[in-house]
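In the part that follows, the structures are each spelled out as structure tokens.
The following pair of complexes shares a single chain, chain A, combined with chain B in the former and chain C in the latter.
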Partner chain A sequence: MSNVDLILPLLVAVPILMATVPIALGLRFDRTGWGVTTLTTTALLAATAYLASAVYSDGMVTHELGGWPREFGIQLVADEFSTLIALLVIATATAVLAYMRVGGPRGNTFYAGYLLLTGGLLGLSLTGDVFNMFVFLEIVGLATYALIASGDGPESAVSALKYLILGTVGASLYLIGVGFIFMATGTLNMQVLSEIMPEVLAQGGQNLVLLQAAFAFIFVGFALKVAQWPLHTWQPDAYQHAPDGVTPVIAALVSTAYAYALGRLMYTVFGPEFLTSTPYLTEIVVTVGCLSVLAGSTLAVIQTDVKRMFAYSSVAQFGLVVAAFGLVTETALIGAIIHLIGHAVMKAGLFAAAGVIAVTYGARTVDEYAGLADNRPFVAGGTALLLIALIGIPPSAGFIGKWYIAVGSVQAEMWPVAAVILLSTMLTLAYSARLLEKMYFTPATPVESPHPSGPVATDGGHEGGNGDDAHGSEHGDDAHGSEHGDESAGNVGASAFTDAGRIGRGNPDAVSFGMLALVIVAAIIAVLLGFAGGELYDLLDPFATEVFNE
Partner chain B sequence: MIELLASRYAYALMFVLMGVGMYMMIANQNLVKKLIGVNLFQTAIFLFFVAVAYVEGGSAPIVPTEGDPGAMASPLPHVIVLTAIVVGIALTAVGLALIVRIYAEYGTLREDTLREVRADE
Partner chain C sequence: MIDATYDILAYAYPPLIVFAAALLVLVLPRLLGFAVGALSLASVVAISLLAPEGAHLTRTFLGFQDIHPFLIDDFTRMMGIALGFLGTFAVIYAYSSEASRKLAAIALAYVASALGAAFAGDWLVLVFMWEIMALTSTLLVWQYGGDAVRAGYRYALAHGIGGSLVLFAVIAQYAAVGSFTMVTEAGETVGFADGIPLLLAVLGIGVNVAFVGFHTWLPDTYPRPHFAASVFLAAFTTKTSAYVLYRAIPEGNLLLAYMGGAMAVYGVVFALLQHDMRALLSYHIQAQLGYMVAGIGIGSAIGVAGAMGHLFNNVLYKSLLFMAVGVVIYRTGENDLYKLGGLWREMPLTAIAFAIGALSITAVPGFSGFISKGMVLDAADPAYYGAGEYQALYWLLFIGAIGTFLSFIKLGYYVFLHGPSDYTVKDSRTGQTVAMFSVGGACVLLGLPAIGWPVFADLLPLVDGITVTELDTSLTPYSAGHLEDALILIVISVIGFKLIRKPLSKMDYSDPALIVNPTGYYLGRGTMLATTDLYAAVDNAVVSGVKRCYWAGNNPVLAVDETARRLPMVDVPERQHADGGRPSTIHLRAGIGTTVLLLTIILTVIIWLLV
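The block that comes next holds the complex of A and B.
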């Protein structure tokens, strides 16, 4: 009995169908979204784990939708690469729900969008058809725009619209590329395409030119979607203004899935032979990646808003991944995939930490993080661990990804890339160290001062600020510590749940165990992944070997 | 060159239309018109797909049960365009919903005014 391939269509269809349930139940009951979503993602996580065990023991699992032959129909494929991404997607989507239970945002329609996003991401990672990939790109995009716009402030709608327009252009450019591929080869299936590709390369002529044009459109489209410099402008706004509960999901999964799609197209559809034989192609890809690393890191160093800083850091980390894709060596490819996974875990944790700190400590800018370690040791510890992992100090997730990419760049004799990786570590250290120094070595700014030091530049507006002042004057010198906690506990009932996550300094009770657990677990996984480099390499090795020996 | 234009004018037209859409998206200050620009950009791509499927002298791809239908246009791009149109409609809907919200919050649809309002806050 081998019906394991039936899991593939279910993984895509179930979350999208379940997305209607919270809305339908919402007609009668108020708060069903979280329960329905948790049930669905947990079930899907179990199914994906089962699928993964089948894939990693017996090899690739495929399913033809509706029984159509793969030349015409849509094929879903789970191989070593896509299964790993699917597993990451569903595990992160389930884990972040622990944050959303108390951290918000709430509402049944929000959870409908969340399930839609999960379904789109799973579809994007499992599809084996280039046009189907466009559809999932747009499903993911639409769900992301809606989730970003679910923030409280008016800014979130503006940044969501900006993302919508740029994201649509990116997806449309990809669609043009798909059109060119179809003109040149007459098929849209990735595996068939990878079989045809050597013939087209050998023939040369018009069809090859069409494919080169297709690659150009696809690469620019994905550079926009993955947020490569200078096409990254939508990303910091979107990450900063999205609700605190949504940013971990978006930062960890959406760009990761897009980068996966780019890697899949470059290596399965076009293939290493096409990449290396086309003049200037690898040079351009590597240059775009390296520029993103340098520009993203530099911009991150000068940010004051912590969420924005992490957003620019994402631009840099994805630059590393894209540069690694451009190196076209086996080690670099595996390094890129490992870095994708590691970055997703670290950024989910860091953005969750930023959300927790905004609620429990009222801090959103780097300066406001002063004295965090003394007052909130657990969050501070988790954040510090994640930042250290992001810098790439071994053993950590950030280290193994960078290590394999660096080894790959040395194998490809692309010395500038190796230099950029080293430099990016220094720059990551620069902005991480700023935050670490504030958290551990700068004493807290006195909250009791009638005028809060520095601009309170949160979108919480005046309510949050006034709350701060009132609190401070009541407490006098005992502004921190246990008394503070007791006192504010009284206020929690009144204010904490009315305005999701916009409470002034000193509401530790607004943070649930789940929110804190997400940060700590992400930090632990980020460190543990550092020991699992060899295992991950072995898992992905069959995929890379197949790609390079075809 | 003239011959190429005469036989492949559909492709040239597609890129012109795409350029118009792109220009509208970038240069127009009105958010709704920006979204119309996005739509135009996408429509150009849909037309491109339809043009790709065209076969000289081909008929509509409806296969009779008997007899040889002769040359037919390729049905696959048409199906693709149908799907893409649906996606485009969903996108327009979400975009318009966002614009409605922006208008409710800031009371303007113009990008330059919006920038001033946001800078003041």
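The block that comes next holds the complex of A and C.
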């Protein structure tokens, strides 16, 4: 065994330290953020991959910071579960950069926040004690609020504020829960806790009551953070109003990491024995999850804004994960983890697609998606694949997750959960079909084009009343081009509404290869994951077996 | 050496070949692409005939061992031949019917998924293919646009529900039995475990085979897309599902048998009342499926063999009928049979092809339908192999046979015979003619006395040569007794036709919709819309319920006001706009305060429950 465990602190520390670099360099240079971030995440991706190869061949890797024993010090743990999440985090964080290069947002401070978020997420997945989990929760939270607020307009700021207040309340509840745990057991380390837990359970009495209260606080705190109905209220606003480049990251990673943390606490810290022996506990968890599935899907069906629809869809998908956590069977736990991964890939792709479509086609509502397939075949194809995967039609990432959760629900003989999965598939079908049908089978209506024919009002500032439409906008683009060199996409907002030429609307030139590639690659991965169900199951099996046979 | 060649065929997985062809159709020039599609399906026939018996391509999938995507036994062999043969000519037909490459690609993908379901050797693969089949067939409907889109939605919902039921049936089966085995090593079909798995499976498959009450999607959807797409749709989903129904319940079931009888009668009654040609044929799909379901429900060797034989024939002649009707629609642009007539002078080839199909489906001796429908009737008839409890079923099926006669006389009469033609149109195009007569030729050949039908009988599972192995009796379709039965059937039908011809021809002079349709319209629409309306009502209730709750959540103050206003003895002052009536710039749904309130309530409840 080499010093592979040294990677662990580096994974957490490097991005947080590097977060200062774009700001520092920003004093002299303008555009360093993207380069620095890409360099950092790529290096971290390589390191995580190396770590993963060690974990999956030799088992768990741990690191005690500063050599302090785990009872007192800070421990970082990479096991089969956390490594998979860390890999997902860093891979997605790297991939989405391909979108941000041209799709924005820009600025050195933005990338500082982005690196901070990456560090926080990695820390959240790798931390080995419950108090540091709170610290990383806060780092992730703060970075997320900042990234959401980096959007234009007051909506972004208000939704970030709403998220900030509610998110902090959620994190505080978690901290109260941690306090109770500490009172009951006198330790904060997860592994030590998992060893003490059976003793407390056997003794019963006051300490057990403390633990039950702790669970209540922690679960409700996370129910808010993971956006379970009816505590999801921050989430649709946040996802809808965040900049298009940011939504894929927070939708794919932030709630996923919170759900990971919830799973980690439920299974490693409290343990299956505690979950099953406490009356009403599994029922509560399953009920909250199932309600979220139903309410989230139903709300998604009635949305008109596509990003908001996807946001409610996330409420439903995380409901499925939480319900699966509540089933307390090995298969359901693995199913929940696989669904977390699959959902992250699909939602990253879908939100990236929504961003691309907003730029290239000027469409943000379901109705505006009409005729997309004929005019923008690639992004429409990618979106369609992702939606089909989300419904759970095999072979796809959505199918294997639901499959294992369904198998788990049957094993646990929780027929209501099985029925909810069935219903959720139908409801997912309902809102996906709405979008698919618009994209592929409804012709584009020129009336919906956001600009009037004749002289272009929005372009007046540039050109005045200068002849025909196409000529004017062409001229306008040239002017932009000469001002900004190859960064002509900097005018996404302005030129999206001026390019009223042949295609009718949107600004196809503002979409880079990287933005499109992100959508397509996510779609392909979502399908490929459908074939990898068995492999993922085998990867996670040691973790689940250990949890259940301790 | 020859053995080695055959062994290689064990790796030629038909769905993959057809799917590859589907992709090629998109990129190749039109003629070449369709040729590749037709060839790929022809190769499926060859593979089905020649591939060695047994489960191939066995692998581990989703962590489950012994998954067999490619099973060859008597049943799948027959399915492969039927679907491949028909598919080949359906592609040729589509080519000369000016179907787009996109339609052909979707159709081929659809055929590939149906083949995948037909060749599946265990329930896991089956459920995969089942879901994909639902998706691809929906796309095939949607592809036409217009009216077909809404019908496609309903179709997708019906098949989504059915597919999910099958999925859960398979999971429940796994929970009950511990494996996904569909066929044991010895070739025995396992079937679903009694209780929840069987119930879910029969309900789920019941959607696809159009049980009475679950059938609404069928006449709703099939008349709407491109007529070449209808040919594909008519052949694959329902027939594959009937085969799967046998796999699910190999032992048979009395209730299932009677469901088959009910489907046969219900289907023909409503077929008789249709005036859209393809809707008429669609109801006949249900009626013909009734015979298959009845045969499977009876469960005896001759019943199952008859059901499978009828399945095989149905793939051929029902598609042939859709092709012939498709040519009529193609040439005249008319779907309503009352607006046509005398077309046999204009398009004699199409008329002959239609006649072959009609004579087959009505089971006239000399055509393939006679053999298989006779087997199912024999299986039910207490005078042959049936038992007392099947007496009523026998009569139901007999009534179904008469109804089939009547409705095809009606269809043929009004489209091809009645009066002079209003249209001066050309006959079918070469490709259409080739397709129709190849399929029609098979219908004739496989039914010929003495030479033809033993070939067909040998093709059937559970039948060796012409002997039903399990019962140790030979089939005698052309015995005096059987011919007598057929004669009785024909005589009754002809007399029946004589009796209703007057009203039928009168109806043509008056508005037919006024006389035929009242019952047909209200009963048919009633049952058809009952399900959709019920769904819509539930949907509306849920949506409006959600919207109300939603609004109440957004506007708690207004909600309280509104509620208070409706209560007696409560005086509510008019509300003033606190913000001067200015619309808010951001629509904050549930505000921060509401959420924190909810959070507190939930936390309290959970702590109260847990501690």
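Criterion: the second predicted complex is superposed on the first by the 490 of 550 C-alpha atoms of A that agree within 3 Å, B and C clash if a C-alpha of one lies under 4 Å from a C-alpha of the other, contacts with A are read in each partner's own complex, and residues count from 1 in each chain.
Following the convention adopted for this analysis, a residue touches a chain if its C-beta (ideal position, glycine included) is under 8 Å from a C-beta of that chain, and two chains touch if they have at least 3 such contacts.
Owing to the predicted nature of the structure, the values given are computational and were not obtained by experimental measurement.
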item: First, second, both or neither for A:Phe131, with chain B first and chain C second; value: first
item: Which superposed partner A:Val410 touches (first chain B, second chain C, both, neither); value: second
item: Partner chain in contact with A:Ile400 - chain B first, chain C second, else both or neither; value: second
item: First (chain B), second (chain C), both or neither touched by A:Val220; value: second
item: Which of chain B and chain C A:Ile302 touches, first, second, both or neither; value: second
item: Chain C versus chain B, contacts on chain A by residue; value: C
item: Which of chain B and chain C A:Ser172 touches, first, second, both or neither; value: first
item: Chain B versus chain C as contact partner of A:Tyr145, first or second or both or neither; value: first
item: Partner chain in contact with A:Pro154 - chain B first, chain C second, else both or neither; value: both
item: Residues of chain A at both interfaces, chain B in one complex, chain C in the other; value: 154-155, 158, 165, 169
item: Of chain A, residues touching chain B in the complex; value: 72, 131, 134-135, 138, 141-142, 145-146, 149, 154-155, 157-158, 160-161, 164-165, 168-169, 172, 175-176, 179, 182-183, 188
item: Chain A-touching residues of chain B, taken from the complex the two chains share; value: 22, 25, 31, 34-35, 38, 41-42, 45, 48-49, 52, 76-77, 80, 83-84, 87, 90-91, 94-95, 98-99, 101-102, 105-106, 114, 118
item: Touching residues (chain side chain C, partner chain A) in the complex; value: 60-64, 127-128, 131-132, 135, 142-143, 145, 149, 153, 156-157, 160-161, 164-165, 167-168, 171-172, 174-175, 542-543, 546-547, 550, 553, 585-586, 588-592, 594-596, 598-599, 602-603, 606-607, 609-611
item: Residues on chain A engaged by chain C in the complex (per definition of touch); value: 154-155, 158-159, 162, 165-166, 169-170, 173, 209, 212-213, 215-217, 219-220, 223-224, 230-231, 233-234, 236-237, 278-281, 284, 295, 298-299, 301-302, 388, 393-395, 400, 403, 406-407, 410-411, 418, 422, 425-426, 429-430, 433, 437, 440-442, 533-534, 537-538
